Each structure stands twice: as C-alpha cells, then as structure tokens.
Amino acid sequence: MTTSILTLFDSILILTLLWLGWRLLSSEDIFKAVILFISFGLLMALAWVRMRAPDVALAEAALGAGLTGPLFLAALRRMNRTRKGERRLDSDEKREKDQKTDTEQT
Amino acid sequence: MNSGQLLLLSILLSSFIPGIIIFCLPEENHRLRTLLNLCGSIVKISLILVMNVGIYYGHVFEIRIPLIPGVELLLNGDPLSALFATLSSVLWLLTTIYAVGYLEGSPNRSHFFGYFSLCVTVTIGIALAGNLVTFLLFYEMLTLTTYPLVIHRGTEKSLRAGRNYLIYAFGGGAVFLVAVVWLQTIVGPMDFSAAGFSPSYIDSHGPVLSLIFCLLIIGVGVKAALVPLHGWLPQAMVAPAPVSALLHAVAVVKAGAFGIIRIVLDVFGAQNLLLLGVLPLLAGVATVTILYGSVRALQQDDLKKRLAYSTISQVSYIALGMSMVDQPLAVIGGLVHLVHQGLMKITLFFCAGNLAETLGIHRISEMRGVARRMPLTMAAFSIAALGMIGIPPTVGFISKWYLGLGGLAAGNWWLLLVLVVSSLLNAWYFLPILIKAWFGKQQGEWPAEIAIGRFETRLMLLVPPLVTAVIVLVAGLVANAQISPLAWVRFIVQGYTL
Amino acid sequence: MIFLADSPSWMITPVILPLIAGLLCFLFSRRTFVIALITALINLFVACLLIYQLLVFGTIRYYIGGWRPPIGISLRTDGPALLMLLMTAVTGLAITLYARGYFSYRIADPVRGSRHQHQQRYFWPLWMLLLAGLNGLFLSGDIFNLYVTLELIGISAASLAALSGKPASQRASFRYLLISLLGSLTYLLGIVFFYRTCGVLDLGVLQNTAINEPGIRAALALLTVGLLLKTALVPLHFWLPPAHANALAPVSVILSALVVKGSFYLLFRFWFELFAPIVTTSALNFMGTLGAIAILWGGIQAIRQQRLKLMVAYSTVSQLGYLFIAFPLSRTLTGVPVWSAVIFIALTHACAKSAMFMAAGNVYLHLGHDRIRNLDGVRASLPITVFAYGIAGVSLMGLPPSGAFIAKWMLLTSSIDSSQWWWALVIMAGSLLAMVYVFRVMSHFFVIPKRESLKETTPLSPLLEWPALILALIALFLSLLAPWLLHILSQGSTGLAQLFPGGLP
Amino acid sequence: MITTLLYSLTGLILFGMGLFTLIIHSHPLRKILAINVMASGVFLILIATAYTPLGQGEIDPVPHAMVLTGIVVSVSVTALALILACRVQETSNRTLRKKTKQPKNTKGPKS
Amino acid sequence: MKKGKKIKKQTRNRRRPFDGLQALFLFLVFCLITLLGAILSNSPRTVSGLAGAVASLQDQSGVESPVTAVLLNFRGYDTLLEVMVLLLAVIGVWSLAKAPFPTPETDISPVQMGVVRLLAPVMCLVAAYLVWQGSHLAGGAFQGGAILGAAGVLLLVSELPWLHAIPVYVLRIGLVLGPLVFVGTALSCLFLTGTLLAYPKGTAGWLILLIETACALSIGLTLALLFGGGRPESDVPGGDSP
C-alpha cells in the first residue's frame, strides 16, 4: 500500500520536475523562466526529502528559493535597466515606467 | 674534469663569454668590444693549436653529458674536428678584424658582434660534435645565430632573404632530425667512429638505411647548398660582406660540407656505403651542383652573386671527393678542399666587400680599371681567383690534383671530365673580371667613392684579404711540408681504413 | 618536530600557505606584494624540500585529519606531481615578480593609474588562491577533492581573466566561466558514475578496484570530456584564445602556463595511471588524432593572427596538441619511458609560454598595442624582451637543448619504432609551423624603423624583463636537467612503474 | 532499487536538457539557468545513488556532503556568472554608445 | 498590443528557426543520455559506498550527525576549500563591478518594513538554531549560512540606510572570518596533534561548532554580498586598511 502511494508520489514528482525543467529552459520569457526555476528549486527540495537527505533539502530550500531566485531577478533587473537605458537615455517618462516595472518585479 | 675536458670547454667558452659580454656592452664602447673580440679569437686559436698537438700525439679529448637513455651530448676532439676547428677559428680572427673595419660607424654593432661570437662558438661546436645528436644541436643553433646576422640590415630585402634562409635551414633540420632518430632506432645510439656502424644491419635494413642516408644528406645538403636546396644562398648576399664571408667560408656552408664528411666517413663508413651502393647518387648530385653553379655564376653581373654561385659550385668538390670514399686520394682532395675553398672564398669576399665599401662597386661591369685604384685588394683577389680556377701553385690546384688522381685511380674518366669542364667554366667567369680590373680603363667616376685610410682603404679592411691571399699561395707552395693543411689531411686519412 | 626536514607535514604547506596568503591579501590593502612574494619564495623552497624528501624516502602519503582512506582524504607525492609542483613554484615566483613590475608600471600612468590600482587590489588574492588550487590539485589523492580544486582554479582563473575590464576580456571570461562550469559538472557526473560502481573516492584505493566494466568506462569518458573542456583540446579550444589574449599580461601568463596544465595533469594521471588497464588502443589513438589536429590547426591559426597576444594564445592551442600526441605513442616499449615526454613538454611549455606572454606583455606596455605589423624596431628598445621572446620561441619549436627536444626525440623514436609514421610527420610539421609563427614576429622586431617614430616611454623595470629571460633560459636548457628529471619521475610513481615493468630508467 | 533508478534517470534527463539548452541558446541568463539545471541533475543522481529505502540500512552520508558543498558552490558561481553577464552587457553597451557617438562628433563640424 | 509586439520581437531574437545544427545537437545529446541511462540501468549499484565506514567511525568524530561528521571531520579538507571557493566568488564579483546605485529614496511601505523587522531577527535565530542543531540532526554551517544570507538579502532589498554606513573593512573581516577560523583551527590541530585537521581527543565537537559558527557567519555575509552585486562604493584602493 505504502509502496504504491510512494511510487505514485515519485512519478508525480519526477514528471513535475521534468516538466518544470523543460518549461523553464524553453520558455520565451526569461522572467518567467526564473520564476519557474524558483519553483523548480523548491520541488527539488521535496525530492531531497524523499531521498532521505534532509540536510540537502534544507540547504536547497534556503539557497535555491531564498538566494538563487533573487540573484537571477536582480541580474535580470540590472540587465533590463542597461538595455533600456541604452535605448532611451534621456526619456524621463520611460525611466519612471522602468522603475515601476522594477518595483513590480521585486 | 680532466685537463682535456677543460680544454674543450674553454675552446667553446673563449668565444661564448666574449659574445655574452658584448651583448651587454653599451653601443658606444667599441674599443672594449674590439679588444674582447680579438682576445677571444686569439685565445681560441691558441687553445685549438694546443688541442691539435694533443690530438697528433694521441691524447683523447672527450666530454660526455648523458641526457636520456640513448641520447647524450658528446664533444670529442679528433683529427677531422681539429681541421675544421682550426680553419674556422683562424678565419674568424681575420673576419672579426675585417668586420670591425667594415662596420665602423654603423648601428647595432654590439648585437652584430655578439651574434658573430655566438656563431663561431656554435661552429666550433659542430666541429667538436662527437655524435649525431650533438651535431644536430649545434647545427640548429647555427641557423639561429646566423639568422640575425643575415637580416642585420633590417631592410625588406634582407628580411625576405632571412625568411627563406630559415625555411630552408629548419626544413633541412627537420629532415635531419627524423633521419637521426630513424637511424638510431635501427642501429642504436652510436658515436662518430672510423668504421661506422656494424655491416650486419645492411642485410636486415638495407633499403631503409639507403633512404636514411639520403635524408641525412638532404638535411646537411641544405646548408652545403647542394643543387635543388641551394635557393637561400644567393639571396643571403644582401647581408654585409663579413657575414657573407662567414656564411660561405667559416660557418654555414662549411658546416654543411663538414656534415657530409661526417656522415660519409664516420656514421656510415666507407664499407657500408659501398655495400649500400648509394655513392653514385651523391656523385651525381655533386656533379650537377658543380656544373649548375658554374653556369649560373657566368650569368651574374652582381659580383657577390657571382661569388655565391661559385661557392655553390666549389663546395660540391668536397661532396664529390666524399662520393669516392674508397679512394684515399679522392678523399684527401675533398677534405683538403674544405680548407682551401674557405681560404680562397673568404679572400674573394673580403675583396668584394672592399670594393663595395670604398668605391661603391657592386657590379662586375663597374670594375674596369679598378686595379689601378686598389692594387693590393685586386692582387689578393686575383690570387684567390686563380686558385679557384686551379692554377698552380695555389691551393686550388692541390685540391683538384688530388681529386683527379683519385678519379684516375678509380677509373672514373667522367670525373676528370667534370673537373676539366668546371675549371674551364671557373676560368670563364673569373678571368674576365681580372682582365677588366687590371687592363680595363676607368670610365667616369666610381659609383660611391669615399676616401678613407692612408692606403687604398682602411687598414683593417686591407690586412685580412692580404693575409688570406698569402696563405693561399704559401699553403700551395709548401703543401708537402710537415705542417700544412694537406699534411694534416693525410694524417686524418691514415685513421680510416679505406 | 613539524619543521624538521623529514616531516611529512611539509606536504600541506603548498596548499595552506597560499590560502592564508590569499586571505591576508584580501584583508589588507597594503604590502600585498610582500605577502605574495614571501609565499612564492616559501612555496619554491617547500617544493624543493618535497623533492628531496621524495628522493630520500620515496613516495609519501599524508592523511588529513588522520583519517585513512577510504573515509578520509589523502595527499601524496610522487615524481610527476612534484615536478608539476616545482614547475608551478618556479613560474609562480616569476609571475609574482612580473606582476609587481607590471602593476607598478601601470599605476605610474597618471591617467589610468587608479584603475590599475584597483586591478592590483584584486589580482593578488585571486592569484594566491589560484596557486593554492593548483598545488592542491597536484598533490591531492582524492577524486572529489580534485573536483573542489578544479572549481577553485576555474573560478579564480575566470575572475582573473575578466580583471582587465575590457568588454572583450569580459565576454571571453564569461564564456570561459561557463565552459569551466560545464567541465566541472561533467567531471562531477563522472565521479558519480565512479562512486556508484566502486564506492570509494580515494585514487589509491580506486586504482585496485578500477575494472573494465561499462560504468567505469562511462566514468572515464565523462571525466575525460570534462577535463578536455578545461584543457582546451581542439575542438573544445574555442574559448581559449580570446580569454588568454585579452587578459592582463600577468594573467595571460598564469592562464596559459599553469591553468591548462592543471586539468591536463589530471588527464595524464587518469589515462596513464588510474585507468591505464582499461584504456584501449583506439581510445589512445583518438586522443592522439585530436592532438594532431590541434597541433596543425593551432599552428595555422597562430600564423594567421594579426595580434601578438592572440598569436601566442593560438600557439598554446597548438602546443597542447603535443601533450596529447604522446598518448598513442606511450604504449610502445622502447626502453625510453615515453610517457615522461608529456612531463617534459609540460615543463618546457610552462616556462617558454610564460616567457613569451611576458615578452608580449612588455611589447604591449612599451608600444601601447600588439599589432604584429607595427612591431618594427622593438629590438633596439627592448633587447632583453626580444631575446627572451626568441629563446622561448626556440624552445617552443623544440630545437635541441630545450626540454621539448627531449620530448620530441622520445615521441619520434616511439613513432618510428612502432612504424606509426603519421605521428612523426605531424610532430615535424608542428615544429615547422611553430618556426613560421615565431619568426614572423621576430623578423618584425628586427626591422629598423624608417623614422624614429617611437614615442618616449618610461623604461621598463627589470622586474618586467628579467623574469621572462630567466624562464626562457630555463626552458632552453631543460634538457641538460633531463637525467635528474627522469630520476625524480622514476621515484614512487607506482602505477606508472606497474604499467611499464622494467621500462623505467 | 527502482526508486534509485527512476531518480537517477530523471537527473540524467535534466542534465541532458540543460546541456542542450546551454549549447543552442545564446542568452547569457538562459545559459546560467541551464548550468543550474544540469547541476541539479547531477546532484539528483548522486543523492539517488546514496538512497536506501527506510529500514534497509544506513544512508551513505558522503554523497550528501558532496552535494551540500556542491549546492553552495553552484550558488556562488551562479552569482559570479550573473554579475559577469551584467558587466558584459554594461561595458559593451558603453563602448557601443561611444562608437555610435564618435562618428556623429566627427561628422558634425564637417557638414 | 505593444506588449505583444515586443514579445514577438523577443521570440524572433531568441529562438532561431529549428535548423539542422540544432537537430544534430539534440540528436547527440539524446544519444549521450540514452547511452548513459542504459549504463545506469544495466549496472545496478553493487557496492555499498562508505556508509558502513562512516558509521563505524561515527563515535570518534565528535558529532552525531553523519553528514556533519563527513563534512567537517572526515572530509574537512574539502569543506575548507569549498569555503574558499565561496570567498573567491565574492572577490571575483567585487573585482568585476561596483554595487549598482541604490534606487533613489523610494519609500518602502511600512508593511514591508514591519515584515523585515520581524523576519530578520527570526531568521537569525533560525540560523543559529540550525548551526547548533547541525551536530546531531540535519543542519549546519551551510544551511545556517544560507538562512543568514537570505536575511541579508531581505535587508538589502529593503534599502535600509544604515547598511551603507558599514565600513568596508568590517565586511572584509566578516568575509575572511570563517575561512580564517577554519584554517587557524586546522593549523592549531597540526601543532597540537601533528596532523592537519586532526582534532585533539574530546575537543572535536567544540571545535566543529566553532568552525561552523564562524563559517555560517561568513557564508551568510558572502551570500548577501553576492546579492549586492559588486564592491561597496567606499571600497577604494588604499583607503580601507584596518
């Protein structure tokens, strides 16, 4: 009984992981990919727990979700800022807009 | 380290250390530089003379430095190396004196003389090399040290000449290396020895050994300017006259010829070569080179170019002598021509340099009546040129005489034919020069005359060709004396069972 | 007790000392050069001491924490490891001095001085940690610990490559970092395959358990691919030339002379020692073929380059090929230990390539550019640099007294002996190509410029020129040390001895 | 045993997906993401190797330690790579801007 | 409308048509994975790894958690180098870039401030707990450090003004603290017992805790500074010598 439940759990987990991995690698929008990556990390932590590796799970949860995600987002923001800054250097209107989207993202 | 080893080492160091010091000297300090050069060469000559005496009385001079199993550096003084070392060191002294005079006031002299000294060190290294690996080491080093001299002028033309020189020389070096390694995988590590390797290998590896012989000859033939491989030599004429003298008479071409001698006599040995039957090949190449060089020399109006083609032709007499390795007389002729050709050719180049430096004459057509302006120079030139043709009592006659005797002994009538034809060709391209110079009338101004020195030119430019010209005469006159190049060559040949 | 000459504790010094130095260099902003110099000197001393210990006591293992394998990590010394360590120490000392000269020269520049001051600020800690990583790699006897040292090397090397701040260098460095990460991950995957088959991580234990089965072969393939990426063997070399050519001069030296050697050394150990029993001839031939392509392709590319530093970088690509061409030739038993050719090539290349990059850096400092067309007349103003360049070039060509000549001799002997002609042809073609690219630049140095167009520049300090010359001379006369090096190599490399019974000198 | 195999294969597939993305995509962030996915894949295989079902024996802690260090390192390297990617963009933008500006300045006075 | 256009443009930029080269790569990667997968499934794991060895030496290691024992005792050398790798990442980032300009005083919502005020201390507590717990349960320096780092990120995101007032040398000391304590402990072990990282009898537990605490602090700081994305403004050369 428990084995079948476990197998079911395993297959769902694995399928979700693969699906997420595929989505985050192939999605057209980088921002979306990063968000997917964070959820991928959390799911990975679940997999570690399933593999009886609580230490790794803790680290993955704290690092994958708590740090890698923000790191990617910050980098994305920085890159977007330079790219937009490159396009319209002097447009105040544009800059305000950028800030708005930036705050939205964070 | 015994005294013999110390002697060998100091022979090498006597030009190496001055060379290194000269590199570090400031450009202006020419007095110290000249002093160092002269001291170095005089010390070197005396050390080599001491070694010669030692060799004559049977002392062994040997330094062995093992590198890896089967590869060792070996410096070894034997009669043959003494011959080449003496020639190089004496001519180096004269060339140095000449170069000091020639380069007065030109830039980058500390570089020039530094490389000059290194070059002679390396040449002596080639002379003293006791096995193929050591020979290869110095042979490649020679290319490196002469390259800066060839491109010394730094012009586009000299750079092109330098590039060609490198391609030929390193190409040859690569072939040589492969051949050396191949030979070693068959016959094992071997030193130069009178007998060569054991004839038993010929049965098992005959064709391969023939191929290796050809590869080795190609490797050294590049420097010796054997015919299809001679392309670099006429181009290298753009270098200053002392460098040409060095290339043709002291170091490079001579190193190639010396390499042929070593390979024939000391690596393969007469018996093996006869068994292999590759000697006609060498004889053929030598004949073609002799005739081709002479014919090309005829067509040149540029004096130095004509001399260069003449070198190509003359050096092959050595190869020709080696191709009759079973005839002691022919071998003597070839060996002694190593010395004689050096003496004559360096005289010619010194004189050509004098003409160019003093009067700006580069072409033969400009030489009319030049003997009246520079009688001493042209006298030296004439002696050397007559020697080249083979007129007695000059040394050139001695070489050709022995070669001819060897050919007769072997019953090679075509050899006599080659000798006669080439002598005629030599006469054909040298005699018009002499006639123009002595009996022609000066037409207008010299191209670029500069009045220098009390005599017809600077003393330092005048003395070396006179000295060599006198040696050309004297060595021919006293060839049968106790001390002469010929006597030493006879001593060498005694050591071989031909 | 710890400081006695026979104490095994010396073995950890080459790792721990640069680590501490790196920390201190990061912490303090002054006197960082002094810290680095002292470290480099002690490192050299310890390398010599370890060689002495090897010669006296044979191979030594050091169990960190007192835990024996399989549970703990061990360090071990043997001939190849210590020679690489010595090579790193010698070049490391030269690089330290050169970097000092380089930054002093640059900081003296009134316009851009502050930027270079900032570069210097980060150069020293990165370089010290890289040194620690390299030393750790050479000494380590644990396959996962090797992964960690590879990471240490990869990250510090990528950071160093980006240090110059130029867009080109940063782009190259980004690519380098990615490749380095990819290599590490592939290597780690290899470890996984290994661990699940053998269940141990220690190399000494692994050696006895490495059997020919699919898992191990997959592991070897993965480890090899990972390391090849980092070693930049053709066709995985594309990242190397821009990264090496666009970095600061001392960094180019570090990357080209030392960093690629680290990953190559592991390949060498794996293929010749650890996995030697399961390596097949066709695999060796495959590696050799890649090496041959690298020699030719790198050489041709080097000839085609218009910039001196790019030319030198492509020459690295070409020279790395020689390291791999030794693979198929190592199996012939000719009495000469052909595998030691690899070590000779590595040592010569480390010294000669350092000298060459230093010379290129000097030329760059002096002229403000390194376009080969416009290098006329450098000989007159930088004689020592040009001399160093020339000697280094001669060593790279493999002409006689250099260490590469010994290697070339062994390889040629082996290839002729086993009638594998094509390798001999490639080797000779490679040295002729090297001749062309070395002397193409050399001839420009010798041109006497038409007008005195050289602008007035501050003369280069001896710290910039002499390390290059000395390294070049070491490379040139390496073959004279050959008997001694072979003696060291024969000490304690047990696996190699097993592979070649009676073949060691 | 089957669980180990399943998770190992998952890890392998993740590794392959990451590798493919790394090769074909040109966006730097995407490449870094791909590297991270690859790393997760390798870690998954490693941990799965160490796995033994509950009650069937001790879990091998060595792979866990390896993965733990691996994760931390991959985070720090990711950070470095990200900053580098940002810098690449910033500096090349700056030079790009300089380059596009310069011809304007030189053209100006002439016309 | 506008956004749709933008996305379309991005699509064109980022995803080239599925050409032959891509197909080739896909095929190669597929083959590779299939091959490796086949090997994985065909050679089931036979050896048990090091579980037994670790278990047998567990009581000598000074801690109860096997993972911590491996990390900080049996394979402490690895961990030492990994800590260095972390520091290296910070040095690399600092050498590359200055921290981006803080966005001009946008006021942070009081809710966010409240959350930060509440969360940050809690996270620190959790981190401390994790480090302490590491000796016998899941947890340890890395996990604690990660939580600390997350707290740091939280503080950085909320743009607290006093963050910019921290002198750089404090940051440097904080970064170096963990590695330095680690190396220092390793060396003192060398002097006390004659072997690197061989803890003297009975002190292993305490020394491991010491190392873990220092490392957790440094790791937390490292991660937070990595998020900071560059060296602090005030990190001018020669100006921050302690």
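Letters A, B, C, D and E mark the chains as written, and numbering starts fresh at 1 in each.
Please note the rule applied: a residue touches a chain if its C-beta (ideal position, glycine included) is under 8 Å from a C-beta of that chain, and two chains touch if they have at least 3 such contacts.
Keep in mind it's a predicted model, so treat the numbers as computed, not measured.
Participant: Which chains are shared contacts of chain A and chain B?
Facilitator: none
Participant: Along touching chains only, what is the step distance from chain A to chain C?
Facilitator: The least step count works out to 2.
Participant: A-D or C-E: which has the larger count of contacting C-beta pairs?
Facilitator: C-E
Participant: Whole-Å distance, chain B centre to chain D centre, using C-alpha means?
Facilitator: Spacing between the chain centres: roughly 66 Å.
Participant: Just give me the whole-number Å value for how far the CA centre of chain A lies from that of chain E.
Facilitator: Whole-Å distance between the two chain centres: 18.
Participant: If you average the Cα atoms of chain B and of chain C to get two centres, how far apart are those centres in Å?
Facilitator: That gives a centre separation of 43 Å.
Participant: Based only on mean CA positions, could you tell me how far chain B sits from chain E in angstrom?
Facilitator: Going by mean C-alpha positions, chain B sits 72 Å from chain E.
Participant: Residue numbers in chain A touching 2 or more other chains?
Facilitator: 55, 59, 63, 67, 71, 74-75, 78
Participant: Among all residues of chain B, which ones touch two or more of the remaining chains?
Facilitator: Within chain B, no residue contacts more than one other chain.
Participant: By the touch rule stated above, which residues of chain D touch at least two different other chains?
Facilitator: Residues 13, 15, 19-20, 27, 30, 32, 45, 49-50, 52, 59, 62-64, 66, 68-69, 71-73, 75, 77, 79-80, 83-87, 90 of chain D each touch two or more of the other chains.
Participant: Can you name every pair of chains that touch?
Facilitator: According to the stated criterion, the contacting chain pairs are A-D, A-E, B-C, C-D, C-E, D-E.
Participant: In the complex of these two chains, what residues of chain E are touching chain A?
Facilitator: Checking each residue of chain E against chain A gives 7, 10-11, 14-15, 65, 67, 100, 103, 106, 130, 137-140, 142-143, 146-147, 149-150, 153, 157, 223, 226-227, 229.
Participant: Within their complex, state which residues of chain C touch chain B.
Facilitator: 334-336, 379-380, 383, 387, 390, 394, 397, 399-401, 406, 408-410, 412-413, 416-417, 424, 428, 431-432, 435-436, 439, 443, 446-448, 479-480, 482-483, 486, 505
Participant: Please output the residues of chain D touching chain C within their complex, sorted ascending.
Facilitator: Touch residues, chain D against chain C: 15, 19, 22, 28, 31-32, 35, 38-39, 42, 45-46, 49, 62-63, 66, 69-70, 73, 77, 80-81, 84-85, 87-88, 91-92, 94-95.
Participant: Quick one: in the complex, what on chain C touches chain D?
Facilitator: Interface residues on chain C, with respect to chain D: 144, 148, 151, 155, 158-159, 162, 165-167, 170-171, 173-174, 177-178, 181-182, 185, 188-189, 192, 195-196, 201.
Participant: What part of chain D is in contact with chain A in the complex they form?
Facilitator: Chain D reaches chain A through residues 3, 6-7, 10, 13-14, 17-18, 20-21, 27, 29-30, 32-34, 36-37, 40, 43-44, 47-48, 50-52, 54, 59, 64, 67-68, 71-72, 75, 78-79, 82-83, 85-86, 89-90, 93, 96-97.
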